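Down below are the structures I want you to see.
Next come two complexes built around chain A: one with chain B, the other with chain C.
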Partner chain A sequence: MPEQMGMIKNSLFAIVLTLLFGGLVVGFVSAQQPTPSDDQVNAIAKQLYCPVCEATPLDVCPTQACAQWRELIRQKLAEGWGDQQIKDYFVQQYGARVLGTPPPKGINWLVYVAPLLFVVAGVYILFRGFRSWRLRAQQTAISSPPSPPPDGEAGLQDDYIKQVEDQVRKS
Partner chain B sequence: MVANLGYGTLLITFLVAIYGAGAAFYGGRKNKPAWVDSARNAMLLTFPLLTITVVAILYLLINGHFEIQYVASVSSRSTPLYLRITSLWGGQAGSLILWSWLMAAFASAVTLRKWNRDREFLPWVILVCLVTLGFFLILSIFVENPFVRLWQSPTGNITPAMFQPAGLKLYTPPDGNGLEPLLRHPGMIFHPPMLYLGFVSFVIPYAFAIAALITGRTDDRWIRITRRWTLVAWLFLSLGLVLGMRWAYDVLGWGGYWGWDAVEVSALMPWLVGTAFLHSVMIQEKRGMFKQWNILLIIATYVAVMLGTFFTRSGILSSVHAFAQSAIGPLFFVFIGLTLIISLSLLFIRWNDLKSGVEMTSMFSREALFLFNNLLFILAFLVCFLGVFFPIFSEALGIIGQRFPALAGIFSGQKVTVGPGWYKPIIGPIFAGLVLLMGVAPLSAWQYSTAKTIGRAIWKPYLASMVVVVGLYLAGVHNWLAMLGYWLCALALFVTLYEFWRAAWARHNAQNQNILEALWQLIGKSRRRYGGYIIHLSMVFMALGIIGLEFFQTQTQVTIPQGGEISLGQYTIKFDSLSVFDTADGRNVARAVMSVYKDGKYVGELHPRRDYYYESQRPLTIAGIRSTMEDDLYVILVDWQPLSTSAASFKVYHNPLVNWLWLGGFVFFVGAIVAAWPVREPEKVEIRKMVPATANARADGND
Partner chain C sequence: MDQTITDPAEQSTRTGHSSLWRILAWVALFALLVVVAMVLLRKQQGPVAVGQKPPSFTLTTFDGQQIGPKDMAGKVVLVNFWASWCKPCEQEAPDLQSAWEYYQPRGDVLFLGIAWTDTESASLNYIKKFGITYSNGPDLGTTISQAYRTTGVPETYVIDKNGNLASIKLSPYSSLSEIQSAIDPLLGP
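On to the complex of A and B.
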């Protein structure tokens, strides 16, 4: 039993030592981590818009205010914030306009759904158009058969070449 | 004195426009040629009158009359002469005058044409042009008057007013604000006039379409008359867009050319719908189909022109509140609304007259492929409209959330940004579809083409395009979206070249001509067809540049000490030195000298700089660009240490193939000139006699 207690004590000591040492190493490493690079900052700033300028992404905005906002991103990154956290922070501070695309909620859904509706409507209109033309063409064909293409189907592509040759001969 | 003269002629022009519009309406309605002639004279008078107004503004700008509010806001003592001239369109008031002046020039030019065969159109064309002109003159006279002076009260308050308010004295500021630094680039000097030329010249085909609706002459005569006008309008609009892109690339300092911001998209909208119109009219000319659709398209183009001007001029893009503060927004809103109601009512009245009995016989016929082209252009237009309009719409709907708190979650009224992240995934596939159509449609014939005939014609260019794809894959391009884009470009390129080759080869064989001579004569004989193909080639070049930049652009930003290096791809850029100095024209310039090495070999020097304009207190970033057909190296001086020039931050972009975009712009210009070049009438008649009616579609070069 005392032997067992001794083993547990030793294990606990080892765990505590490991944790302590590990913690020290982690702390040392994190303290040594370089400041987030300009590229890391720009990767997030690129997804945000300047809160005060008109239609200018934050990564390229030349104003002093934007330089400070980029520094803020750097600071947040250094504090260990993630991309999404930083973006959320900017939205909270300056509103949804800092995002490059409208956040998908409320009326904003319209901007994502409408293009799909445009496509569906366009395709539907064309489909209806082609169907009605085909039906009418078939009706016309029953009453009076259509004249065949000028040189038959296979000759269509060379039709233009023939015309060019004809023109040349006659000119 | 000069300001009064300018303002006076502006007022007289407005009165002349009102008279002319009234006379045209009365003369057209009652069929009284004398009144129509009088209206025509009124139309012709507007141009010299507005020229006096423009000269007056230029005089004030050139001579630095800073007592004029507009002059003080866009120029200064240090502004060089050429920029004082271009300051005419450096601000809102001057831009509107330029719009009116160009409108008067184009409308006068069209009234000078021979009207023998189409005299019934004349009064209505004049009416539409003068009403449009009159509307812009209202804006200039009552809202954005460029001749407003500055007046000072005894207490020192400055009041802008056209005429002297009681108790106030004329105030001349010691200096003006100077032209906005961003507007000093050559691209921006020519970009607005080009864009406006495009805008105003689209009014001409619209005016003829309305004339056709009013007179009931619903054949394709109005289209044939305005064919060249439409092409010229399209040429100017396209050049305006390309110049704007180049300006953005050089001046805005973000390594790109198109940011999908609302102002850019507003200018793109008329282009999209105008391009659809340009293709669609050919269906009516060849097959007599889609008469209603073409009228609808030109109405949409006109409305898009007005909307584009409205969006950029009303302040609505910054905020719905700005819209309400200026009278320009509501006036535009009413004008566009009335235009739409009247135009659509006229179309509705003539709807049955515009029906055609001709049927579409094949989904692969050229007319069907043009219809797909129209669908894609209209989709792109609607997407752009939504993108520009939605932020205004969602902000304005906030009022519902305020009134009904239960709905506040849906209608928050929060301003949102619709940026490239939204546009690109939607517009990208639409443009890819258009490039595919450019690769297929030239091989189709009117009426009869089937999948089989197109398949037979396309296999050679298709194989060639696949060779390109395999080559790219072997060269290490593995992005499948980019590969798809390059395949489409290659297909469109080879189909277009194949079309040139086949016809030139036929001529060469038939007449034993040198192949180049045969090609030259071929283009000369069918300018519209081959001009169109050259434009297709230009679009392929542009697409190459766009794909290169969109998929393969790389960038990095680094702060380095003097002598330090930045590496990006094959390039190494060495920071040699940085100097900061003042210039005589009121700038503080920070200029870096960078040595560029490609694969370790010295290839040249770049000088990125930052100009700070003291008078406007605005910085301007001028990138250092090394440009080749393979790629651009684009270096921006981002920052430097305040008290030292020994370290600085640089942003470096590697933009593959972007030069193809500008080359495409140049080729486009050539193609549009070829297509719009006047055709000698006798030659045209001769060809028409020679070619059988059924085959006319392909031989006349009007595809």
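On to the complex of A and C.
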């Protein structure tokens, strides 16, 4: 009888231990961040450019270096970093050239301002051109004397007949 | 109907304004062209030239140490740009480490490794793999490589004790003796 009691005690102890250990493992696994998917990584990677290759977005870049950078994005996402934080980190590490568009500071402002300035200047030049063209046309209209009213179809025909007669006479 | 300009003074003022705008437009266009030309020229320049003072920089190493111009003054400095993903860099890494072990006891030679566009974990693995003991750090923002106008990795710049650039190697060193032949003439008797 005492042996049976001992066995039951041992069994109970083993069950409790297993449950406790199992619970710990489940708790540890559920506490871990899920591994970010390739789609999540590529969503950020396509906004960044490979700092080594020419004009190649990070999501389609086939080099080993790019694979390392994509893994770095995955690691940062797993740590709970946001998109902007990851982009800022890449700029800090590899320079602004990793961004698809240059940050609007320093000489980079030219990229944003110059096209606008060219459009405004173009519109202004066109406006001035049209205005001076219209003014010139108006001034010509004012300064030139009124042309004599045409005599009509008959007058034109008379001139024509006269020219023909002159030619005939000469020949 | 538009009012025509009949007053000569008014006409003269308008002509003056028009000329001013035209001059301003030309000046702006010229300034823009100068800026574009300067950027293009800078991009077309090769690496820094031998005999000149190379750009000064401060390297923050992977272990947080700061190495700046004061630490380099009066020493022969070898600046090596590398990356963990660069296969030719692996070729020269053991020779660079051997050279460092050879020169380190002298105290007047400094080796600096600069990890170019690399991830920190990969860089540290590379350092561990080749047992590199000289100072190494990341090229944060690629500012150092831009200042040196590097064209890739590996690239090595050797600076003499006066702070002038003594030699440039735009490919991996092939042997320890090649590194020694770049450094020994700068050490003096």
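Just so we're on the same page, the second predicted complex is superposed on the first by the 108 of 171 C-alpha atoms of A that agree within 3 Å, B and C clash if a C-alpha of one lies under 4 Å from a C-alpha of the other, contacts with A are read in each partner's own complex, and residues count from 1 in each chain.
Criterion: a contact is a pair of C-beta atoms (placed from the backbone, for glycine too) under 8 Å apart; a residue touches a chain by one contact, two chains touch by 3 or more.
Given the structure is predicted, the values throughout are model-derived calculations rather than measurements.
In the superposition on chain A, A:Pro115 contacts chain B only, with no contact to chain C. In the superposed model, A:Pro57 makes contact with chain B only, not with chain C.
When the two complexes are overlaid on their common chain A, residue A:Phe130 makes contact with chain B while staying clear of chain C. In the superposition on chain A, A:Ile107 contacts both chain B and chain C.
Once the two structures are overlaid, the count of chain A residues touched is higher for B than for its counterpart among chain B and chain C. Residue contacts after overlaying the shared chain place A:Arg97 against chain B and chain C alike. Once the two complexes are overlaid on the shared chain, A:Asp38 sits against chain B while remaining clear of chain C. Touched by chain B in one complex and by chain C in the other are residues 95, 97, 107, 110, 114, 134 of chain A. The part of chain C that touches chain A in the complex is made up of residues 1-2, 4, 18, 25, 28, 32, 35, 39, 83-85, 117-119, 121-122, 138, 140-143, 146.
The residues of chain A lying in touch with chain C in their complex are 51-52, 63-65, 68-69, 71-72, 91-95, 97, 107, 110, 114, 117, 121, 128, 134-135, 138-139, 142. Of all the residues in chain B, the ones that touch chain A in their complex are 252-255, 259, 261-263, 317-318, 359-361, 363, 368, 371-372, 375, 378-379, 382-383, 386-387, 390-391, 394, 397, 409-412, 414-422, 426, 443, 445, 447-450, 452-453, 456-457, 502-503, 506-507, 509-511, 522, 525, 555-559, 619, 621, 639, 649, 651, 687, 690-692, 694-695, 698-699.
Within the complex, the chain A residues that touch chain B are 37-39, 42, 47, 49, 54-55, 57, 59-60, 62, 67, 95-103, 105-108, 110-111, 114-115, 118-119, 122-123, 126, 129-130, 133-134, 136-137, 140, 146, 149-150, 153-154, 156-157, 159-161, 163-170.
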